[in-house]
Structure formats: structure tokens, C-alpha cells
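Pasting the structures here.
Here chain A shows up in two complexes: once beside chain B, once beside chain C.
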Partner chain A sequence: MSAVLALLACAAGLLGLGVVGVVGGRGRVGAAVVYLGSATVCALAAVSAIGVLLGGEPVSEVVLPIGLPWLGAHFRIDALSALFVVLVDVGGAAAAVYGLGHGRHEGHPRRVLPFFPAFLAAMHLVLLADDAFTFLFCWELMSLVSWALVMAHHQQGDNTRAGYVYLLMAGFGTLALLLALALLAGSEGGYAFADMRAVEPAPHVAALVVVLVLVGAGSKAGLLPLHVWLPLAHPAAPSHVSALMSGVMTKVAVYGFVRIVLDLLATPPWWAGLAVLLLGAVTAVVGVLHALMERDIKRMLAYSTIENVGIVFVGVGLALAFDAHGMGAAAALALTAALLHAANHSWFKSLLFLGAGAVLVATGERDMDAQGGLIHRMPVTAFTFLVGCAAISALPPLNGFASEWLLFQAVLQSPQIEQWGLRILVPGVGGLLALAAALAAACFVRAFGVVFLGRPRTPAAMRAAEVDRASLAAMVALVVLCVLAGIVPGVLIDALAPVTSALLDARLPTQAALGWLTVVPIAEGRSSYNGLLVFVFIAVSAWLTVRVVHRLASDRLRRGPAWDCGFPDASPLTQYASGSFAQPIRRVFGTTVFAARETVEMPPPGDGRAARHRVTLLDPAWRWIYDPITAAVAGASLRLNAMQFLTIRRYLGMVFLALVGLLLVIAIWR
Partner chain B sequence: MGTLEFDVAHLLAGGLVLVSFVMLYQDRLYALLNVFALHSVVLSVSVGWQAFVQDAPHLYLTALIALVFKAIVIPVALHRIIQRLGIHREIETVVGVGATMLVGMGLVALSMVVMLRVTADADPLAREDLAFALSIVLLGLLVMVTRRNAVSQVVGFMSLENGLVLAATGAKGMPLVVEISVAFSILIAFIVIGIFLFRIRERFDTVDIGALDVFRGERR
Partner chain C sequence: MAVSAETVVDLMVQGVQMALVLVLAPLLTGVVRKVKARLLRRRGPSVLQPYRDLARLLRKEVVLAENASWLFRVIPYIVFAATWVAAALVPTFARGLVFSWAADLLVIIALLGTARFFLALAGMDIGTSFGGIGASREVMIASVAEPAMILVVFTLALVAGSTQLSTVAAHMATADVGLRVSLGLALVALIMVALAENARIPVDNPATHLELTMVHEAMVLEYSGRHLAMIELAAALKLLLYASLVVGVFLPWGMASPGAGLAAHLVGGATYVVKLAVAAFALALFETSIAKMRVFRVPDFIGAALMLGLLGTLLLFVSRSL
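Entry: the complex of A and B
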């Protein structure tokens, strides 16, 4: 059986599990069947896809007689699809295993169980689709099913609004993709991707396609300023679904962009790389700044997803720019870095969301300032979360460092671009990336410190207990993946080579040929990185330090008073909290980006009330784009409301005038 | 196709447009109904001629349907409705007759310009037919828009439909099923509208649709 058929069978199996979720979602057995089944199917699909990616298996395709008449449903798997199928499956399997334990805390499991496997199936189908109709159908299916998952807890807080905004933005994005694919299909109606690859669209059509795909895929991935739904919708879903949406679905969006712009569009316009590069850089910085301002741990993670999507798009933009100037090797380097970062992000972001879900289960609170000291009560969760934080902060020897380092290597290739505008701009983008990376480190130091260190701030945090074994197993598995990917990135880089050689006709030098698992992106003389050496160095030096310290000092555990700011017996509220930790950064960046204002209300003397310190932040995207749009729509609908109560004759007259007007248009313009 | 066949078809289609114009300036209900019956007779002759020219026997059936239902059944039924309702027989027009006629001429010119230009490489007979059919549709709409009385709006709608039938028969190879279904849908629309007329009368003692607007609390 060819790989594409095997994967389609897996998708069908997942859809079948969705039916099981409808029928048997009430009991524990049904839930176990759905989650275990999803994990098994994902594992099988991952094996099949890895076979395609590593085995150099030829591209396999199949046309099923469903969908549009005379077109059928085309499915195809190549290296690019296979890579993203692996990402979906790894994230899906981890989320499913986690769901096995986490799902028990779900109040209404039947709102989650049918949609969870269906969501995975839809993402598989998007990656396999090989014609415009199937692609858009599966894309929309993915959006709708994930919307249902976002609405699972619709009674809580703002979740219905989150679902509404998500539905609106998803529909808008699909509309943009629909137009882009229609432009590519042309008037002949070549809806199969193979037909689109064969024709070379006119320059203005190509430009329009790039803009539309940037809007369509960008809104799903969370590019600025189309990101507004993401920090609302991702945290609203149950935690293992949040992990899927943030870790995996944004990658499917990246796949959509790469597939259309780098594969279907033969020659993207020269400025495409520039636009993607700038958007990505701004997204990265603004996303991480948002994350730093956020108190809600899941929303903080969602904003951090926006940052990482920005980083991935910087890589894709660099690849486009290098490719447009005939620098194949550099383009391959940038694309490899982007795809590697997408993979890494899907792993550590899933890990972090699962950790946040564990915290949510243990204390019942998403607010970081309601936690504290959880490392004593949840040691395993704390350790896995710490690894995730270190990975996302790009600390060696973890995987985040490997991909971001590779991306900076690509940025350093910019002096060789002929066009001097780009030559100046790309280092600027590199600066923004460095800023984003530093801010991300601050952001995750804050997250880990406030949630897991210090003393508990609430009774709930004091009573917290470690979560169940299934959840822990999923998190530990992702930790192992993050560490392994950080130590031996060369294996992953080699696995990406078929993708870059298919898309750009260029690839990085084979890393497996080098000794000692070293990574050399361009030439040995320029730069190299060895994750294993760094890991061994860190391990050995840490071990030595511990030995020396224990040798010189007593090895007994002692508990003494914490540094108490001069207040003996201080309340836990005097600790650093998320807001106070972020205050310096808020003062430096927030005042310009978010119009951050701090006000202190001091009650007059004699008044017993507490003083209040209030921070107001305005999201620039809402303020400058979405609020004016909603105001305009509301105003227009208020005016058009009068049209609802006209006389029959007036309505007829309007129909008549519209008809005559259209005929006039034909008469004049034809 | 001989020039005689073309000329006769052209004449009949043009005759339909002319009768539509006649319909535009009627200010009595009975006269309007008679003109509509004439309109339908001309249509059925035109369709019959098309059947003869195109050698398509099923078009004779269409012509027969048009003759029986539109030229006889519907006008007679509307006559009886008017008698039973005791409707005031003068039609209040919204715009003056002269202005309406001028607008109608403009519409015919517009449909000629549009259709002749769009169908540049079609069969000449179909081209002329389509152009005339579009004018008849637009004139029917104009009748509906410029009258206040519900019965005259029904008549405007029926004449609009006559234009559609003309267009359908002018194009060769239109299946019979389509024509019959159109004819039946028109009949059903007529029944529904007839029932509505009675209901409106029962409630408001008039079929002037202005009364509906007053009922909904609106200014005219």
C-alpha cells in the first residue's frame, strides 16, 4: 500500500474515532478508547510519514472519486507534506496520551471527544490534499472542528466571544485562500495542484496571490495584525487541545503558506521575501511583548506562539529573498532553519501548554499570580516545564537554540545579497530577532519563577498535587524529544534536505557525514555547532560544581528564612509577581507599543481602603484596526436598518433599479 | 432560415413589446386585463411560429399552455376576482403616463444595446428574440413598480413571465420540461397571489397596497 493510502486510512480511522466519541463519550471506557486510539493511529501515521521523509520514497498520489464531479479528490504526499504530517502526529500523540489523564477532569467530555480525533484527521487531510477544492474543504473542516473545541467550555468567561472572533477570522482567512487558489487555477479551471504548478501566472496575479495567501495562511498562523483571535481562542479550549492548536495547527498554516508560495507559485514577486521578512520580525517582537504583559498563563503561551510564528516566517521570508537573488544554498539554509524551528516550536509549545494544563488542574487557576511554589508540590511538572521554558528561550543544548542559531546563520548570509536595500534590512531584522529572543527569555523566566518558585500565593496553590501519570508521561516524552533534537540537530537537518531540494533545488551539506554530530551549515571555517559537546560540557561542569560545593560545604538540607525585604513574616503577596517582574520592560516598550499607563489610587488619610495600582494596556491591533472596523460595520448596519421597513413597491423599485443599473454597466463597459 | 420566417418572428416579438407599451398606459383594470390577454395571445402565436420554424413539436404544447392559461384562464379568473371584490376600477399610478412611457422607451433602447452587443456571434433570430424578451421583462417590472394596485402588479408579473417564455422559446433546444415547469410555477404563483388578494381584502377592505403600509405604521 502506498504511503498516501496508508495516511488516508489513518485519517479515516481518526474520523471513525470521532464517531466513537459521539456514541461512547459518556463513560470512561469510551474516552480511553478515543484517546488511546488517536495516539495509536497517530503513531502509525508518523511511522508511515517518517518512511516517506527519510526513505526517499517517491512521491505517491491518489485520486478518489469524491468531491467535485470531474475533479475528484486528489491526495499526494511528498517530503514537505510528510514533514508536517510528522509534526501533527507527534503533537497529536502527545496530546492524546495527555488527554487520557487530563480528560477525566473534563466536565462535559462529549463536547471534546468527538472533535479531538476529527481535528487531527482534518489536519492530516489538509496536508495530503492536492487540489484546491479538497484543500479548502479540509482547511475549513479543520477550522470548524477546532471552533467546536474552543466552544467546549462556552459557559466560562469570555469563551463565546473568543469563538465568535475565531469563526470570523477563520472564515475571512479561508476566503482569502479561496481567492488565491482561484487566481492560481485561472480561467481554465485547473484546480488540481499539478495543473497550478505547470502554469506560470502573470506578475500581477502572482503578487495578488502572495498577498492573499499572506492574509489567509497568516491569519491562521497568527501573523500581525491578523493574530487577534489567537490569544482568545487558543486558551479557551481544553489544555491538550490548546497544545494542538498552538503547537500544531499554526504549523499547518505555515505549511499552507510554504506550499502555495514556494511550490505552486513558480516565481513569487521579488518583494515577497521582503514583505514576509518584515511582517515576521514585527510579529515576533510584538508577540513576545504581549506575552510579557500577560498574567493568564495560557494566554501568555498563546502570545508566545505568535512570536514563534513570526520567527518561522522570518526564515521563510529570508528563503524567498535569497532565492529571488539566486543564492540557493543560503535560501536552503533559511528554509531549513524555518522548518526546524516550526518542528521545535511544535514540540516545546505543546509541552508548555500541557504543563499549563497540569497547573490548571492542580490549582484551578490560569492566573499566574494565583500560583507560586509549585515546584515543591509538582516536581515532575516543574521539571518538564523548566525544560520547555529553557527550550523556548533558545538556551543550549536544547532544540530551540539549534533552530534559532541556524536562523541567525542565515541572517549572516545577507552581505552577499546584491540588492543593497535587503543587505541593510536583513541585519535589522536580525536585530529584531535577537530582541525577541531576549524578551522571550525574560518572559519564560518570569513564567517559571512566578508559577513554580517562591511561596504559594493562594490556598489553592498550597494544596496543589502532582497530576496523573498519563499526563506526566506525555510531558516527559516531549522533554526527551526536545533534548534529543537539541543534542543531535544534524539528524533533523538531514531529514529536511529532501524538502529544501524539492522546493529550492538546493540543500545543506549532509550533516551525518561529519564526525561527532557536529552541525556545519555552510563551511567549517565559518561556523559550527555541536549540541552533544555543549551538553556534555554543561553536564560535566554542573556536576563538578555540585561536587565541589558539597565537598566544601555541608551536604545537609537546611531551611532558613528567605530574604524578606526587611519585613519579617511578610505575606506571600510581597513576592515578585508577574506584573512587577515585567514592570521595567513594560515601562521601556509598553508605553509606546501598548500605550501602557500606570495609575496609583491612594485613599485619603483615615480611609481604610487599600491603595490600588492599576495598569492599562491597549492592544494596538484592536485599537487601530479592529475597533474602527467594528464601529464602521455597526454604523453601516444602523443606517441600513431603515431599509428593513420599506414598502413592497419600493423594494420592487430597488430590484428594478439594480437590474437597470447592472444592464447599464454592461452597455457602457462592453 | 428564410427571410420570411425571420421577418414574421421579428414582427411577432416586436408586437409583444408594443402590447407591453399598451399595457403601460392603461388606467382601467378591465382594460389592463384585456391587454394582458392580448399579450398572451400574441405570445402563443409567436411560440407557435417558433415551433413551426424550428420544427419542434413540443413548442406547440407550450403555445397551447400559454393560450389556455394566460390568455383565457387567468384573465377570466382575474375578472371574476375584481367583480367579487368590487374593486375600484381605476388604477392609481405613481408616475404620470408620459413619464412612464419615456422610461419604457429608454428601457427598450437599453436592452437592445446590451443584448445585441453581448450576443454578437449568436443566431440572428435568437438575438432579436432575446433583445425583445429583455425589453418585455423590463417593461413588466416597470408596470409592477409604477402601480399601486395589487391586481395590476399581478398582471405586470405575468407579462414579465411572458417575456421569459419568449426568450426560452427563441433559444433552440430548450427542453419541454423546463417550459412546463415554468408554466406551472407561474400558475402556482397566480394562485398564491390570488389567495393573498382575498386575504388583503378581508383585512383591509381594499387591495391598494398603500393600506398595507399604513397598517405597518409607515408614511407613504
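Entry: the complex of A and C
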């Protein structure tokens, strides 16, 4: 059986599990069947896809007689699809194993169980689709199923609004993609992707396609300013679904962008790289600043997803820019960095969302300021979350660093670009990337410090207990993946080579041929990095130090009350919390980006009321774009309301006028 | 496996380097303190005082806060190990360290970032407000200082065509570097970042124990005994690292090239010590002649470094000869 048929069978199996979820979703056995089944199918699909990616199996395709009658449904798997199928499957398997334990805390399992495997199936199908109709149908299926999952807890808080905004933005995004693919198909209607690759669209059409794909795929991925739905919708879903949406679905959006712009569009316009680069860099910085201001742990993670999507798009933008200037090796480096970061992000962000879900189960609160000291009561979760925080903060020798290091190496290739706009822009983009990385470290020190360290701030945090074994197993597996990907990134870089070869006709040097598992992106003299050696160095020197100090100096230890400069403070509320920790950064960056304002209301002496400290932040996207649009729509519909109560004579008059108007248009058109 | 004589020499050079930075680091701190004291017309403690402090701290027992977690006990060793590895990869007296290919300048910066990440977590662990204030200010300073440092690295890498520190140092020693505006900007930015990263005046005062003005000291307030010794040693190593970085890149003369004989290495060692002494004197002079700034003026200070770094990189993008 060819790989594409095997993967289609896996997708069908997942859809079947969705039916099981409808039928048997009430009992425990049904849930176990759905989650275990999903994990197994994902594992099988991953094996099949890895075979395509590494084994260099030929590109296989199939046309099924479903869908549009004259078109059929085309499916195809090549290196690019295979890579993203692997990402979906790894994230999906981890989420499914986690769901095995986490799902027991679900109040209404039938609102989750049918949609969870269906969501995975839809993502597989998007990656396999090979014609415009199938692609858009599956894309929309993915959006709708995930919308259903977002609405699973619709009674809670703001979740209905989250679902509403998500539905609007998803529809808008799909509309943009629809128009883009229609432009590519041309008037002949060559809807199969193979036909689109064959024709070279006119420059203005290509330009329009890039803009539309940037809107369509960018809104799904969370690019500024189309990101507004993401921090609402991702946290609203159950935690293992949040992990899928943030860790995996945003990657499917990246796939959509890469597939259309780098593969289907033969020659993207020269400014495409510039636009993507700038958008990505701004997204990264604004996303992480938002994350730093957020109190809700899951929303914080969702904003951090926006940041990482920005980083991925910077890599894609650089690849476009290099490719447009015929610098194949540099373009391959940038695209490899982007894809590697996409993979790394899908792992550590899934890990972090699963950890946040464990915290939510243990204390019942998403508010970081209601936690504290969980490292004592949830040691394994704390450890896995710590590894996730270190990886996302790009600390060596973990995986986040490896991909950001590659990206910086790609940035350093850019002075050879001829074009002036790019040359002036790229150093700024490099600076913004570094800023985003440093802010991300601050953000995750804050998250881990406030949630897991210190003293418990609420009775719930004091009573928290470690979560079940299935959840822990999923998190530990992702930790292993993050560490391995960090210390031997060369293996992953080699696995990405078929993708860059197919898209850009260029690849990085084979890393496996180098000794000691070193990573050398361009040439040995320019730059090299060895995660394994750095890891071994740190581990050995730390271990030696501990041995020497304990042996030769002292190993005595006494417990006593905290010193705290002689102020033994009574209340755990005097600890730094999320808001106070972010205050210095809010004062430095927030005043410009969010128009942050702090007001202190101090009642006069003798007045018994409590003093208040209030911080107001304005989200620039809502303030400058969405609020004006919603106000305009609301105003227009209020005006149009009057049209409901006209006499029949006036309605007929309007019909007549419309007819005359249309005829006039036709007459002028001809 | 046959091991050639060259490999043995290379490994020995690397080993000597690791030992050398460890031995010299407290001395550098001691010299800076001594010179500062002399400039203020005090006699000051002996330059060996940091060694004595470390020895005493190492012998004392650790008093651990009741709610300290395992992380709190592990962090001093992580911070020390990460800083030590970073310091061992900066060329001091010889270029072409055998393991320099394992980590370029970006990795060295990131290793220091790792140390800072964990130290800030240590500040949060006990759950006191002083730890929190230190950690939150430290990450705020780092969030500007780190991009500034990366931009300095960009400037150096674009001039030398490599992010490998040995290659950069070798390139800077050749005559074809010449005088460049961008390198001047990078030097100023690097020194500003170094001051901020090492908690020196005007950003932070290494000698203060006035709670509301301190950043680094507030974070490590709860540490004692051998844990504190590890953190103090890591701080001294970090100062040495930045000093070596500045003198190694901008005064690269005298370093032994790979495969050179013993005499060249001895000359390299001697020049390195002299260069460090000059750096220590300059630092002490600078610190005595300037006042510490308010904590919310600090972003302006490091922001200037960021802009200088950006300008340096931009100039290189515009023209390779600037």
C-alpha cells in the first residue's frame, strides 16, 4: 500500500473513532477507546510519514472519486506534507495519551470525545490534500471541528465570545484562501495543485495571491494583526486540545503558507520576503509582550504561540528573500531554521499546555496569581514544565536554542542580498528577534516562578496534588523529545533536507557526516554548534563541582526560617506575583505598545476603604482595527434597521432602482 | 586510538584555560576592589580577600529556608557550571581552543542567559519580596541587554565573517581590519552591556546591601555557605569572561596561535594578565567616577547600547568597509 493510502486510512480510522466518541462517549470505556485509538493511529501514521521523509519513498498520489464530480479528490504526500504529518502525529499522540487521564476530569465528555479524533483527522487531510477544493474543504473542517472543541466549555466565562470571534476569523481566513486558490487556478479552472504548479501567474496575480495567503494562513497561524481570536480561543478549549491547537494547528497554517507561496506559486514577487519578514518580527515582539502582561496561564501560553509563529515566519520570509536573489544555500538555511523551529515549538508548546492543564486540574484555577509553591506538591509536573520553559526561552542545550541559533546564522547571511530595502531591514529584524528571545526568557521565568515556586497563595494551591500517570507520561515523553532535539539537532536538520531540496533546490550540508554530532550550517570556519558537547560539559562540570565541594569543603545543611533581610513577612500575598513581576518590563515597553497606565487610588486618612492599584492596558489590534470595524458594522446595521418598516411602494421602487443600476453597470461594462 | 602529540597539546591548552579562568576570576574581583579602595584613599582589603571569602563560605554550613525546593539547592551548581563552561570557551591566552568549535559566541551569550534564567528562578523560590524584586529587575535589564549583546555579536561576525570567537579574534589581529566606525560603536555597546550584565555601577552596585537599590544581591539574598560561594565564584567568572571578551576581541595581540610552542603560550599568558590588569584598572576608575542611576533610568542606558549595536550592524549592512 502506498504511503498516501496508508495515511488516508489513518485519517479514516480517526474519523471512525469520532463516531465511537458519539456513540460511547458517556462511559469510561468509550473515552479510553477513543484516546488510546487516537494515540495508536497517530503512531502508525507517524511511522508511515517518517518513512516518506527519511526513506525517500517516491511521492505518492491518489485520486478518489469523491468531492466535486469532475475533479475528484486528489491526495498526495511529499517531503513537506510528510514533515507536517509527523508534527501532527507526535502532538496528537501526546495529547491523546494525556487525554486518557485528563479526560476523566471532563464534565461533558461527549462535547470533546467525538471532535478530538475528528480534529486530528481533519489536520491530516489538510496536509494530504492536493487540489483546491479538497484543501479548502478540509481546512474548513479543521476550523469547524476545533470551533466545536473551543465551545466545549461554553458555559464558562468568556468562552462563547471566544467561539464567536474564532468562527468569524476562521471564516474570513478561509475566504481569503479561497480567493487565493481561485486566482491560482485561473479562468481555466485548473483546481488540482499539479495544474497550478505548471502555470506561471502574471506578476499582479502573484502579488495578490501572496497578500491573500498571508491573510488566510496568517490568521490561522496568529500573525499580527489577525491574531485576536487566538488568545481567546486556544485557552478556552480543554487543555489537551489547547495543546493541539497551539502546538499543531498553527503549524498546519504554516504549512498552508509554505505550500502555496513556495510550492504552488512559481515566482513570488520580490517584496514578499520583505513583507513576511517584517510581519513576523513585529508579531514575535508584540506577542511576547502580550504574554508578559497576561495573568491567565493558558492565555499567556497562547500569546507566546503568537510570538513563536512570528519567529517561524521570520525564517520563511528570509527564505523567500534569499530565494528571490538566487542564494540557494542561504534560503535553505533560513527555511530549515523556520521548519526546525516549527517542530520544536510544537513539542515544547504542547508540553507547556499539558503542564498548564495539570495545574488547572490540581488547583482549579487558570490564574497564575492563585498558585505558588506547586513544585513541592507536583514535582514531576514542575520538572517537565521547567524543561518546557527552558526550551521555549532558547536556553542551550535545549531544542529552542538550536533553531533560534540557526535563524541567527541565516540573518547573518543577509548582507550579500543586493536589494537595499532588505539590507536595511534585516539588522532591525535580527534585533527584534533577539529582543523577543530575551523577553520570552523573562516571560517564562515569571510563569514558572509565580506558579511553581514561592509559597502557595491560595488554599487550593496548598492542597494541590500530582496528576495521574497517563498525563505525566505524555509530558515526560515530550521532555525527552525536547532534550534529544536539543542535543542532536543535526539529525533533525538532515531530516529536513528533502523538504528544502524539493522547494528550493538546495540543502544544508549533511550533518551526519560531521564528527561528534556537530551542527555546521554553512562552513566549519563560519560557525558551528555542538549541543551534545555543551550538554556534557555542563553536566560534567556541575557534577564534578558538587563532588569536590561536598568532599573537600562542607556538606552540612540546616533548615531555618527565610532570612528576607530580617523581615519575616507573614502573608504569602507579599510575594512577587505575575503583575508585579512584569511591572519593570511594563514600564519600559508597555507604555508605548499598550498605552499602559497605572492609577493608584489612595483614600484620605480616616477613610476605611482599601487603597487600589489599577493597571489599564489597551490592545493595539482591538483599539485601532477591530473596535472601529465593529463600531462601523454596528452603526451601519442600526441605520439599515429603518429599512424593515417601509411601505410596499417604496420596496418596489428600490427593486426598480436596483434593476436600473445593474443594467447601467452592464451597459458600461460592455 | 592513536592520539597525536598535537591533540595532547590542544587538550592541555584547553585544560589550562579552564583552570586559569577559575584561578584568575577571584583575583580580578580583588584587584578591582583594591584599586577602587585606593582611588577613594582607603587602604582596602588585600587582593586575595575574595579567595579567603570563598574558602570561608565553602567551609560553613548551609542555612536553607524552610520552604526551599530542590531547585534552590541545584541552581548554584547549574549557574556556576554554565558560567564556567562559557568562560572556558573565550580565548584568553591562546586561540584555537580544542573545544571552541562546540560553541560560538552566540552560544556563549546564551549560556550566560541560562545562568541568569536559573538565578532569577532562585530569587523566586523562597517566596520573599526581595527575591522577587531582584528577579523582576534582573530580567528587565536582561531583556534589553541581551539583544544589545546579540547585535554586538552581529557586528563582529559581519566584520570577521564568522561567529566563532577564535576566528573573530584571529581576524581582529590582522591588519586588514583597520579602523572602522562600526567596531567603535560595537566596543562602546559591549562595554555598556558588560557593565549591566555584571551588576556594576551605574546599573547596579556590587557592594550595596541597601535593599531597594540592589538587583543581583537581592536575588541571592537567601543563599549561604557553599551555595553562596558557588554564586560568588560564578559572578567573578562572568566578570572575567566579559573582560576577556573585550580585551580578546579589541586588543587581540599576543595570543598564542594554534600549534604554537611553549614560549608563545607563556607570552600569551603574560600579555593576557597585563591586559586584564589594564581592564581592571579602567573598570575601577570608571566606577569611582560615576554615580549609580535609578533603576528606571537603566533601560535608557542599555537602550543606548542597543541602538549603538543596531547602528554598528546597519553600517556594515550598508557598506562592508565601514
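Here is the rule we go by: the second predicted complex is superposed on the first by the 654 of 670 C-alpha atoms of A that agree within 3 Å, B and C clash if a C-alpha of one lies under 4 Å from a C-alpha of the other, contacts with A are read in each partner's own complex, and residues count from 1 in each chain.
What we mean here is this: contacts are C-beta pairs under 8 Å (C-beta built on N, C-alpha and C of every residue); 3 or more make two chains touch, one makes a residue touch a chain.
Quick caveat, the model's predicted, so the values are computed rather than measured.
Of the two partner chains placed by superposition, only chain B is touched by A:Phe656; chain C is not.
Once the two complexes are laid over each other on the shared chain, residue contacts for A:Thr599 go to neither chain B nor chain C.
Once chain A of one complex is fitted onto chain A of the other, the partner contacts of A:Gly372 are limited to chain C, with no touch recorded for chain B. Of the two partner chains placed around the shared chain by superposition, neither chain B nor chain C is touched by A:Ser637. Using the contact criterion defined above for the overlaid structures, shared-chain residue A:Ile666 touches chain B, although it does not reach chain C.
Of the two partner chains, neither chain B nor chain C is touched by A:Gln155. Of the two partner chains placed by the overlay, only chain B lies in contact with A:Thr647; chain C stays clear of it. Applying the stated contact rule after C-alpha superposition, one finds that A:Leu386 touches chain C and leaves chain B untouched. Of all the residues in chain C, the ones that touch chain A in their complex are 58-67, 69-71, 77-78, 80-82, 84-85, 88, 99, 101-104, 106-107, 110-111, 113-114, 116-117, 120-121, 123-133, 135-137, 139-140, 142-147, 150-151, 154, 157-158, 161-164, 167, 211, 221-222, 224-226, 229-230, 295-296, 299, 306, 309-310, 313-314, 316-318, 320. The residues of chain A lying in touch with chain B in their complex are 645, 647-649, 652-653, 655-656, 659-660, 663-664, 666-667, 670.
Residues of chain A touching chain C in their complex: 372-373, 375-376, 379, 386, 390, 393-396, 401, 405, 408-409, 411-412, 414-415, 423-424, 426-428, 430-431, 434-435, 437-439, 441-442, 444-446, 448-450, 453-455, 516, 518, 524-530, 533-534, 537-539, 541-542, 545-546, 549, 553-554, 556-565, 569, 572, 574-576, 580-585, 587-588. Here chain B touches chain A in the complex through residues 94, 107, 110-111, 113-114, 117-118, 134, 138, 141-142, 144-145, 148, 153, 209-210, 212-213, 216, 218, 220, going by the rule given at the top.
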